[in-house]
Structures are given as structure tokens and as C-alpha cells.
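Shared between the two complexes below is chain A, which has chain B as its partner in the first and chain C in the second.
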Partner chain A sequence: MGKSLINRKMSKNRLIFGGMVLAALVLLPLAVKNAYMLHLFIMAFIGIVLGMTFSMLFSAGLITLGAGAFYAIGAYGSTLLSTRLGLSFWAALPLSTLITGIVALAIGSIIVRHPGMAFTIISLLFAHVVIQAAGQIEFFGGWGGIIGVERPDPLGPIQFTTKTSFYYLILFLLLLTALVFHALYTSRIGRIWRAIKLSPPLAETLGINLYRYRLLAFVIASSAAGMAGSFYAHYFQMITPEAFGGWLSIYIQLYAVLGGLEFYILGPAIGAVIMTFVPEYLRIAKEMEPIITGVFLLVIILFFSGGILGTLQRFWTAKKTSVLSGKEQL
Partner chain B sequence: MTTALFIQLVVNGLVKGSTFILIVLGLDIILRGTKILNFAHGQFYMLGAYTLFMFCRLWHVNFLLSLVLSGLALVLVGALSYLSVFGVVQRRFTATTPFTYRLLMSAMASVGLMLILQQGTLIAFGTAERGMPSIFPQIITFGDVRLSLEKILIILFSMFICFGLYLLMYKTKLGLAMRTVSFDPEIASLQGINSFWIFMICFALGSALAGVAGGVIAPVFAVTPTMGTHIIFTAFLVLLVGGIGSYKGAILGGVLVGLALSFGFHFLGGISELFVFVFVIIILIFKPGGILGEVLD
Partner chain C sequence: MALLEIRNLKKYFSGLAAVNDVGFSVNDGEIVGLIGPNGAGKTTLFNLISGFHPPDQGKVIFAGEDITALRADQVARKGIGRTFQASTLFMQSTVFSNVFSAFYRQYRQPGWKAFLHTPKVKREEQAIRKAAMDILEFMGLAALGGELATNLPHGHQRALGICIALATEPRLLLLDEPLTGMNPSETMEIVRKIRQIQEKGITILLVEHNMRAVMDLCDRITVLNYGRKIAEGTPERIRKNREVTEAYLGREEA
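Entry: the complex of A and B
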């Protein structure tokens, strides 16, 4: 009885907090008039979606280094649909999400069979090969990429010509993804994923089909990355293979690790925002950036393995228990 | 296709293959011994090439001696990075730590190391390609087949290293200890083996192999800061083809991928990498653990 009361109080607090954050995000463009700042927010939000896809696979016990591949597939799919077939953004976005999902199903049905190291390595190779394919094959625009991707058509009175409109669009997509992911995590599927991550053999004894549920996580997460890619293509109005290669997949993981691995939605959110804004404010020389990222990563792994949220939570519970034990002594 | 061209392509494939074999054996020893997926391995390879370049070109040391020295330098780099990073991460693991978490933490640590080494080299040496004169510029001619002595020596050298590794792994007490630790560190501890030191030795040995591979290849190709990033993808491909955790598989995979890339580049150009990837995926459908490996979780 008492416990449920506490839970209700906590979830009420949580609701209030979430509502405040949401209101701040919705009102943000009114306060921020600087177009570049809005651009950074848009990029951070794309990063959050990508980080959440990494976390979803992590929640099912899979470690991917290929989130960038599906981001690229979504972007290329959407670009080709709109430049070659003349589809509008509003048709290309769901279609390219679907296409990414189908590709993920085809690739995943082979590679999810070997979870563990083989999966991690193949996902990395897949990301590499997707970029190579985009660069080598003329149909995909070659290394020069494709320019002149259409902006989204006006939606009623809303014209997609300013950064503010794109900000609201990506905010909507981000919240949609977060809601769907949250619903999945709190449902039976999410609990099964957690069981698989905790101990695959134990989950199997409970009658869980490991392969099917891992594949489900892979397809859902990859589709979300594809959706982010579609938005990216129409926001930048051009795509090049380099935008999806290089360190991208590594940065995506870094978001999740930095924010807190066990926080599947808030972790990537905090990580992506920090990794987008901190380098901007420090104004580091561009060539020092990878070194600082590397040192940052090592420091987190060596000293704060729970990430920011995990460390805060541990600090918080430690404080609480120390207060309790103090009372007992009295 | 003439016979001469065919032999030339085979030799080129074997030269590529023998560097892959050295790199992948190092990767495999680290993976099997310490369970670390080492993304910084390509950077160790690059560092090997740069140390050889420094010894040989800047300080005019004899080539073979500088090869040994660059191997030793990489032993030091490997041991230090194990002591300062991976050892610390692994000491935190307990018996109940999930496998996913272990894999992610050590892999991410190696990614951090990779970023630092990569960009550090770039800043220290610049983006310019460093060339080295060929050490053995002689050309051997059989009829109309012309082969450079250097390439043949590289193939022989990597066979020599493979044989040495075989002796180390299967004929010495250290090799027995390494194999025991890779089987189960706790059982190894019960036999009085200090797992931590063996982990460190595995890591240092693996790094040294990558360094030697870089050193061997330095006189043939240009030394660039990005050479490590390029090779690591192919190295992982070789690892998958042969099978993770199989030394024979690493050798077979190295030869197969080396030949496939050599013939592919000649007949298809840059797109051959895609075909090799598709080929690997097809192999994995039928042989989930690679050609000679077992499925590892």
C-alpha cells in the first residue's frame, strides 16, 4: 500500500518534470532566435534518435556498430524516392522508413543469428560497405552525393522554409520515437528484451524465442534510424556518403554510453545534447576534437562506467541509504 | 588471361594475404586470450609502420634490426595500454557481469584508444604520405613472370612468424598457459596461472604482431596515418571468414580474402570490396562460425 503510494507520487513528479521539459522544448524557438543554435538543436535531436536505436539493441543484448548504415539507407531511400520518382517528403518519409525496415529484416535475419562478437563485427562491416556502395555505384550519386533534395511540401499553413519549422518537425519525430520506444520498453516485449540481455540461456528456458525477439529489436531500431535519415536528407537537401561514414557510428554509441547505458531513452538524450553543444562552446581546434572525444570516452569507461545518469543515480541512492543508516544509529 | 598475369595476381594476393594473416592472428590472440574486441588494432599496425620508418629512415638503423625494434616498441605500447585501460576495465568485471556489458566496455575502451592514437599520429606526422625505398629491389624473372624479391620475402617472413607462433602456442609452457586462460581464466587461476599477466602478455603479443605487419609492409606501400583505419575493416572480414577464435581459420581466411581482393581489384575495380562482403555473408549463412571456427557467444 505504502509502496504504491510512493510510486504514484514518484510517477506524478516524473509527469510534472516531463511536462516541464516538453513545454521548454516547444517554447524554445521563441527564445532562441539564432538560426545556428536551432540548427545545433536539430542535429542534437537527430543524434538522440540514433542514440536511442543503439540503446534499443543494447536492451536486447546486441551491440551494434552499424546504426549509421540504416541512417544512410533511410536518407538514400528517401532521396531517391523524391528525386527519381518525384514523391513528396510526406510519402517518402514513411516509405523510406519501411524500406529501411525491410533491408534490416533481410540483413538482420542473417546476422542476428550470431549475437555477440560476430554481430558487432558484421554490423560495423555492413556500415562500411553501405558507404562504399553509395560511393562506388553511380545510381546512388557516387562520392559526390546527390544534391537538390526537395524540401517538405507545405503542410496546410506551415511552410518548411525556416529552421523553426524543421525544429518542430524533428521534435515531433523525436517525441514519436521516444513514445513508441517507451511503450515497447514497458510492454511485454521490453521485459523479454531485458530478460534476454540479463541471461540468454535463462530466457530460453522460459520459452522465449531469442532469435525472433532480437530480430524484432533490430528491425524496429533500424527503421527509426532510417526515419531520422529521411529527415536529414530533406533538411540538408543534399547527401554525400561521407556524412554517414567515418566516426558516425562510434559517436552514436558514445551518446548512449555517456548519458547512461541503462537509461534507454534519457541516456542518449543527455549524451547527444552534451556531445553536440560542448565542443561548440569549447571552440576546440577541429583537429584536437577526436583526441578529446577519445579521452572523454576512456574517462567515462574507466571512472564513471554508469554514464552521467548512472553515476547520479548511484550518488542519490548512496546518500539516501547513508541518511537511513544514520537514523538507525540514533 | 596469361599465365604470367595469373601468377602475378596470385603473388600479389598472397602478399596482401600474409599481412592480413599477421594482423588477424594478433587480433585473434587478443580476442581469444582476453575477450577484447580490439578496434585499435589497425592503429597498432600503423604505429608499427611509423616506428619502422623512424628507425630505418630517420635514424638509419639496419632494416631487420628496426623490424625487431618496432615489434618491441609495439609490445611496450600493447602492454601499457592493457595495464592502463583494458586491465582496469576488466578488473571491475565479476562472474555475473553479462557478456554484452563486458564486450561493450572493452570495445568502447579500444575505440577511445583508437581515436587518440589515430589523431595523435596525424598531428605528430601530418597527413603526408611517407615513402621508403625498397629494401630488396631485385626482380626475379622466370620466363616472362617478373616478381620482386621483396614480395616473396614478405610471404616467407609471415610463414616464418606463423611457424614461430605455432611453436610458442603448442610447445612451450607459456603457450599452454595462454591457451588455458583463453579456455577459462578461473580454472587457469586454480592451476596457479596468474591470469592478469597472461592477459597482458596476450595483448602485447597481439599488438606486436600488428606492429610487425605494419613494419613489413612499410617499404612496399606508402606509410599514411589512415592506413590503420583502412586495414581494420578487411582484417575483421578475414576474421569472420576464417572463424573467430581459430588460428588456422585466420591463415585460411587471410589467403582467401587476399586472393579475392587481388583478383577483384584487377578485374572489377573498387567495387570488388562489396562482392567480398556479399561472399562473406553467404559463407556465414551456411557456416555461422566461419569456415574453421566455432560459434562463440
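Entry: the complex of A and C
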């Protein structure tokens, strides 16, 4: 009885907190007039979506280093649909998300069969192949990329010409993704993923087809990354292979690690925001920035395992239990 | 009627026969013991039956159906539950979550409805929560529901392993050394529970080193040594079997 009361109070607090964060995010463009700042928020939000896709695979016991690949596939798919077929963004966004999902189904049905280190390495190689293909094959625009991607058509009275309009668009896509992911995590599908992550053989004895559920996570996560890619292409109005290569997939993983691996939505959110803004403010020390960022991350990972949220949670539960045991003594 | 029938099973590991031409059957409602010295092939046999390893030869028939080629998850869905020798649990989950997550076959609402959290899905989950609590109650772990599995003492972890297997509602339950590391009173408790599980109509195949418990529980016993079946019969007959005594105690030089 007492326990459910605490739970109810906690979920009520959570709702209030969530509502406040949501209000702040909606009102943010009113306070932030600086276009560059808004741009950073837009990039951070893309980062959150990508980080969440890493976390979804992690929740099913898969560690990917290829999240950037599906981001690229979504961006290229959407770009080609719009530049070659003349589709509007509003058609290209869902279509490229779907295309990315289909590619993920094809690729995933092969590589998800080899979980563990093999999966991680193959995902990394796949990301590399995608970038190389985009750069080498003329149809995909080569290393110069593709320019002239159309902005989204006006949506009623809303024109997509300002940073503010794109801010609201990506905020909507981010919240949509978070909502869908949350619904999955709190359903039995999320429990099945967790079972697979915690003990594959035990999960099998429950009757769970590991391969199918891993593939499901792979397809859903990759589709979301593809959707983010489509947004990116129409926001920048141009794409180049480099935008998706290099350290991107590593960074996506770091968002989740920094924020807290066990927090599949809030972890990447906090990680991506920090990793977008902190380096910006370190720009003063220009060429030192990557070094400082790197050392900062090392410290977090080495001394605050569980990430920022994991560390906070440990402090919180430690405090709570000590209070409780104090009461019991009385 | 034979619920489980094993015919001429063979499994080689790098040329060595871990299970060599073993065959026996388990009748509906029985408790059958599988004993033998360490390395006799008991756990390998469990892995062959439950689909974790494909056998090199032979057949596994369950409820009249050939399940030899099935994967572990397919075997589980046919109604064979199992526990593991080393405590294999969802260590970082609570005791309750371990059992709650173990329900999988019972969901009738489709996955997309689960994703939408429809009222029917919520009712179904509520019923499954209750069923999970009932199992914990039955095995005497209800009070520990909020504890992380990794923090449990060894005996309780074993009991939790059985809870998880029970949540799959098996027709046949394979128990791999359920009494290891338990003190005498815990042992008595689990032996009683195993009897009650049998009374619920679940057939049991038991690997165990505690001979008193095996003799006490089992209707029939199969003895393995070096991967081969060396004896089979009622506990009384096994007790008197010379080859079995030799396998355990070594040959007496005359």
C-alpha cells in the first residue's frame, strides 16, 4: 500500500517535471532570439533522436557504431525523392523513414544474427560502406554532395523560412520519437528487449525468439534515425557524405553514455545537449577544444560510470535509504 | 504415456562423445531423476532436449512430436521449461520483475495493442502481475519481490530460477541441480515444493547430486556415466545396482 502511494507521488512529480520541461522547450524561441543559438538547439535535438536510437538497440543488448549510416540513408533517400522526383518534404519525410526501415530490415536480418562484438564491428563497417558509396557513386552526388534540397512547403500559415519554424518542426519530431519509444519501453516489448539484454539464454527459455526482437529494435531505431536524416537534409538544403561519416557514430554513442546508458530517453537527451553546447563555449580555446572535450568525457566515463543520470540516481537512492534506515532506528 | 522420449541421442564435443547413444522416456506426471558423476553428460543432455545444442544423432520426441531440430525458444513454446545449473537470472532486475518478465507465452493481446497500451492490454498485464505474485508466494519469495536478484542469497536465487521456469507454464520442467548450495532446511523446503509442482500436473526431469532427495522424489531414475546410460529403474533398483555404486565410489578391487 505504502509503496504504491510513493509510486503515485513519484509519477505525479514526474508529470509536473515533464510538463515544465515541455513548456520551457515550447517557449524557448521566445527567449532565444539569437539564430545561431536556435541552430545549436536544432542540432542538439537531432542528436537526441540519434542518441535515442543507439539506446534502443542497447536496450535490446546490441551496441551499434553505425547509427550514422541510417541517418545518412534517411537524408539521401529524402534528398533524392525531393530533387529527382520532386516530392515535397511532407511526402519525402515519411517515405524516406519507410525506406530506411526497409534497408534496416534487409541489413539487420543478416547482422542481427551475430550479436555481441561481431554486430558492433559490422555496424561500424556498414556505416563506412554507406559513406563511401555516397561519395564514390555519382548517382548519390559524389563527395561534393547534393545541393538545392527544397525546404518544407508551407504548412497552412507556417512558412519554413526561419530557424524558429525548423526548431518547432524538429521539436515535434523529437517528442514524437520520444513518445513512441517510451510507449515501447513501457510495454511488454520493452520488457522482452530487457530480458534479451540481461540474459539471452534465459530469455530463450521463456520462448522469446531473440533474433526477431533484436531485428524489431534494429528496424524501429534505424527508421527513427532515417527520419532525423530527412529533417537534416531539408533543414540544411544540402548534404555531403562527410556530414555522416567520421566521428558521428561515435558521438551518437557518447550522447547515450554521457547522459546515462540505463536511461534510454533522458540519457541521450542530456548527453546530446551537453555535447552540443559545451564544445561551443570552449571555442575560445579553439584548437584545444577537442582535447578538453575528450578529457572531460574520459573523466565522466571513468569516474561517473552510469553517466550523469546514473550518478545522480545513485546519490538520490543512497540519501533516501539512509533517511529510511535512520527512521527505522527511531 | 511417454511425454518425453529420447532416442539414441549423441553429441560430440571436439571428437569426444559427451552424450553417447542415450535413450529413455519420461511419462506424463512422473518425476524422473538423471544422475551420474560430474562430467557424465547430464547438463549436455539438458541442452540437447531444450534446444540449446543440436544433437549429432538421435531424436527428441515431446508429446508425440519430433522436436529434435527446434531452437531453444521454439522448444520453450512447445511447453518445456528449464532452469540452469549456474544461477542464470535477470540479475539486475528485481525479484518481481524477473518473474513478471518471464511471462511471454501467455499474452493474448497482439504486440501493436501492447504498444498502444489499450485498456484490454492493461487488464491483461494486471492479471499477469497477479500470476507472477502467486508464483513468488508459492515459492516463498513474495517478501523479497523488491530486492535485486543479484543481492539474493544462493538458495533464494535457485528458487527464483524455478519461479521463472514456472512462469512459462511448462508441461515438462527440466531442473538442473535445484538443491546445490542449500542447507538442510532449505533443501527440505524445495523438495516439498518440487512435489507440489508435480501435483499441479507438471512432469519433471531432475538432475541432482543430493542422492537422498533424488531417491525420495523420483519415480524412476536414469544413470549416466561417461555419456552413456548405465542403468535405469526405480530408486530401489538403482540403489542396489552394482555398476552405479562403482561409478560413484569406484571399483572395489577383489
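Please note the rule applied: the second predicted complex is superposed on the first by the 319 of 330 C-alpha atoms of A that agree within 3 Å, B and C clash if a C-alpha of one lies under 4 Å from a C-alpha of the other, contacts with A are read in each partner's own complex, and residues count from 1 in each chain.
Following the convention adopted for this analysis, a residue touches a chain if its C-beta (ideal position, glycine included) is under 8 Å from a C-beta of that chain, and two chains touch if they have at least 3 such contacts.
These figures come from a predicted structure and were not determined experimentally.
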{"item": "Chain C versus chain B on the shared chain A, clash or fit after superposition", "value": "fit"}
{"item": "First (chain B), second (chain C), both or neither touched by A:293", "value": "first"}
{"item": "Partner chain(s) touched by A:137 [first = chain B, second = chain C, both, neither]", "value": "first"}
{"item": "Which superposed partner A:253 touches (first chain B, second chain C, both, neither)", "value": "first"}
{"item": "Touching partner for A:238 - first (chain B), second (chain C), both, neither", "value": "neither"}
{"item": "Partner chain(s) touched by A:28 [first = chain B, second = chain C, both, neither]", "value": "neither"}
{"item": "First (chain B), second (chain C), both or neither touched by A:124", "value": "first"}
{"item": "First, second, both or neither for A:115, with chain B first and chain C second", "value": "first"}
{"item": "Touching partner for A:198 - first (chain B), second (chain C), both, neither", "value": "both"}
{"item": "Chain C versus chain B - closest C-alpha approach in the superposed model, Å", "value": "7"}
{"item": "Intersection of chain A interface sets (partners chain B, chain C)", "value": "198-199"}
{"item": "Interface residues, chain C side, partner chain A - complex", "value": "50, 52, 71-74, 76-77, 81-82, 84, 88-93, 97, 100-105, 107, 111, 114-117, 121, 125, 146, 164-165, 167-168"}
{"item": "Chain B contact footprint on chain A (complex, rising order)", "value": "58, 61-63, 110-111, 113-118, 120-122, 124-126, 128-129, 132-133, 136-137, 197-200, 247, 250, 253-254, 257, 261, 287-288, 290-291, 293-298, 301-302, 305"}
{"item": "Chain A to chain C touching residues, read off their complex", "value": "3, 183-184, 186-189, 191-192, 194-195, 198-199, 201-202, 204-210"}
{"item": "Footprint of chain A on chain B - complex, ascending", "value": "31, 37, 85, 88-89, 92, 98-101, 103-105, 107-109, 111-116, 118-120, 122-123, 233, 236-237, 239-240, 244, 270-271, 273-274, 277, 280-281, 284-285, 288-289, 295-297"}
